[in-house]
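One structure is given below, represented as structure tokens, and several questions about it will come after.
We call the chains A, B and C, going by the order they appear; numbering starts again at 1 in every chain.
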Amino acid sequence: MQPLVKITALTKQFGHLTAVDHLSFSVEPASVYGFLGQNGAGKSTTIRMLTGLIMPSSGEIEIFGLSLAKHKKEILKQIGAVIEKPDVYQYLSAYDNLQLFARLSGIRPTRVSLMDQLAQVGLADRAKDKVAGFSQGMKQRLGIAIALVHQPQLIILDEPTNGLDPQGIADIRHLIIHLRTELKKTVIVSSHLLSEIEQVATQLLIIHKGKKVKEGNASELFDPAQTVVQLSTEQNETAWAVLQASSWQPYLQRITPEGIILKVDRRQIPALHQSLVHLQIPLISLQPRHSLEDYFLQVTTPGYVDTLSN
Amino acid sequence: MKKISLICLSCMLVAGIQAQDMTPLVQKVRAKIEQVKDYVAVGTMKTDVSFIKAPIGKVKVYFKKPDLFSIKKEGGISLLPKGGVSINMSSLMATTSFVALSAGEAVVDGIKTRVVKLLPMNENSEVILTTLYIQEATLLVLKAVTSTRENGTYEMTMQYGAYQQYGLPDKVIFSFNTKDYKLPKGITLEFEEDTKPLTEAEKIKNRKGRVEINYSSYTINQGLTDAVFKK
Amino acid sequence: MWTLFQIEVYKIFRRPRTYIAFAAITGLIGIIQFGLKLDGAQYVEFMMRDITSSITIEGNILNGYQVCYIVLQVLLVHVPLLIALVAADMISGEANMGTLRLLLTKPISRDAFLVAKFMATMVYTLLLLIWLAILALFLNMLIFGTDDLFLLKSSYVVLLRENDIFWRYCGAFAFAALAMSTVAALGFLLSLFANNSIGPIVATMSIIVFLTILSTLNIPLFSYVKPYLFTTHMIGWKEFFDIKVNASNEALSGTIQHPMRIVQSALVLLAHIVLFLLISIWVFRKKDILS
């Protein structure tokens, strides 16, 4: 299958700073492409280049099989985007904003279709209210309505959960899943939090300092056989010795001041817990996490202590 | 020789007598003018002052004996020499107490005239001296030069036509001295040096202003109320 | 393009900021009208004190045409500041609000977007001047009536006949529109370089004030640069109120003393507008939207 988005050696320099450095990746149709990286990793710059806001210094962007540099207008017709904060005209109502951006997207929607769109994001009853009085969550929902009003094939959401409450975050998550599974849309979503993306992304890309760190299918990256477990006990040294002598010896990774690190299959965790009780190791905590998370934190957090002992 | 001397002497005597008193001539001129009790005249007025750019305008001139005089422009703005235009032939001669002295003869516009100096008897009079150039045959004043206390010297030149039997001119030219005019650019908010280009003629008569009135018709002695002279 | 233009005009007139300038003009003219209606005679006397030493001026000097001239003389120096308020906000304001990035992810060409915005700015400028004309000319004609116009220039005075004035005002307002459009174009250009509106607004105002001072100062050194400053040409509207005279110093109705000056100034201003617009397009094409 031809990728919907194909990025080749994309580079952006701001003076001496290289914000994006020879980045290449591709996005399959009807997938959710998670774009992970710390603040300042180059996510936003990449996304802005994808939407034509920033001109690449070098490299190629192909969307729908067309070069963005040459066919910007045709490509943007099929893209809906919320970049950073969903800023709209404060002095206009939700309805007026939606109508204005719909017209700019090249469609002339009816009143019914606009109200329908607002209803889908739960803003129908606030349609005539000025956006100035809206909460962050309402603005975000309006931003999404604007991104979707012209029924684009590709939806780009840059940090869509910023500033949202837990309910808002959950709403966005459901929306993304709905877009992919029900409407067969392709979604590119960026975040600096893995926890937000891991539940929705079918593909993941981690970038750091403008460079690709890791890319892959979510099921591969979240391989349950690669689950890392951190044990914390009353006496870690004693526990380490006891485990060395047990059947868990092959899974032991290393001992850190915080605890003992093991790499096991997720399904083995209950058995591990039983063994610990059986071996009379006084357990304080047992934290499973998949390798990606540590990996992500390791590459993206300055001064992060590597708890993995690869 | 004796005969010649006699003629000369009598000429000098005649001249001497005339020099001492021109009152009869002035009275005759005055009598002619006084036929007109009032008039309304229609004409055009041109203001010719080096620092004024004004178009020719239509004016109505009102006069009523003894000295009511007014130039009105229908709704427009008129620029007149200060105090000057109220001086007209009738008002010049309105006063009866003056001394009229001959000052010889002169030619005005190719016409020989008698020059008469008119001195008001009243010491507080605004007019100090008026010189009249009178065409004796027609009893018309062709030129008048008036010196005033406050407003300098004016010169009036008159040309007569259809209304000369009433002593009313077809054309009057007032000449008067003007002061320099200059406003700082800060007030007028102008950036560029913008002096009005002077014609050669203007350069010569620099600081001399002129107001020219051409009368096209007079309505004489039809009765006028004083109200028209009130501002 | 037409849709873009409509949307931009719509946006301008939905913003409260737009009406500040209209309100300011209304207020200022109202104050001038009130003052002149109340105390006009004294003002005229003060204004004419130099000339009345040798000339008596009779007639209704303080008529609608005169009041309009006074208003224009005072206001046209300040209207640029009001225009900067909107023009210098056109792009920077969108950047500040964050709407610029949303706009530019829509399928519209940057050139078309910029030109539409520019045209909308011009519409605003024109409407502001039309509003000025309504208040300063038509309203004053109603309140003070019409009559001849007597104007004091720095080295001479001009008297214009009542029937020879209206067309001059039409010309003056058209010229003022061009002058104000130049200011708008400058503000518009500067609005590209910032992500907040204050910077470009202040920069535009500062440039106008600075150049106007240079244009006004009668220092020989500056007289060399004066002809190249667009602010020098912005007062070209006054040329409409100068009249030609013939050899016998008689003003000729329907004439202008220096028609070529008007043409020249208009061309200089037009060249500035085109230049500012072209630079704007060029800058905007390459601009990275980081707001």
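Keep this in mind: a residue touches a chain if its C-beta (ideal position, glycine included) is under 8 Å from a C-beta of that chain, and two chains touch if they have at least 3 such contacts.
This structure is a prediction, so every number in the text was calculated from the model and none was measured.
S.K.: Count how many hops through touching chains it takes, at the least, to reach subunit B starting from subunit A.
M.R.: Minimum step count, subunit A to subunit B: 2.
S.K.: Per-chain C-alpha centres versus the global one: which chain is nearest?
M.R.: Of the chains present, the most centrally placed is C.
S.K.: Compare the CA centroid of subunit A with every other chain's and tell me the farthest one.
M.R.: When every chain centre is compared against subunit A, the largest gap points to B.
S.K.: Could you let me know which interface, A-C or B-C, is made of more C-beta pairs in contact?
M.R.: Counting C-beta pairs in contact, B-C comes out ahead.
S.K.: I'd like the Å distance between the centres of subunit A and subunit B, where a centre is the mean of that chain's Cα atoms.
M.R.: Measuring from centre to centre gives 100 Å for this pair.
S.K.: Can you give the whole-Å distance between the Cα centres of subunit B and subunit C?
M.R.: 48
S.K.: Approximately how many whole Å separate the CA-defined centres of subunit A and subunit C?
M.R.: Their C-alpha centroids are separated by 52 Å.
S.K.: Which positions in subunit B touch two or more other chains at once?
M.R.: none
S.K.: Using the touch rule from the top, collect the residues of subunit A that touch subunit C in their complex.
M.R.: 14, 48, 51-55, 72-77, 79, 81, 83-92, 96, 100-101, 103-106, 143, 146
S.K.: Residues of subunit B touching subunit C in their complex?
M.R.: Contact set of subunit B toward subunit C: 46-57, 73, 75-83, 85, 176-179, 181-192, 194-196, 199, 201-202, 209.
S.K.: Considering only the defined contacts, which subunit C positions touch subunit A in the complex?
M.R.: 3-4, 7, 10-11, 14-16, 97-99, 101-109, 286, 288-290
S.K.: Okay, in this complex, where on subunit C does subunit B touch?
M.R.: Those in contact with subunit B are residues 50-61, 73, 77, 147-150, 152-162, 164, 215-216, 218, 226, 232, 235, 238, 242-243, 245, 247-253.
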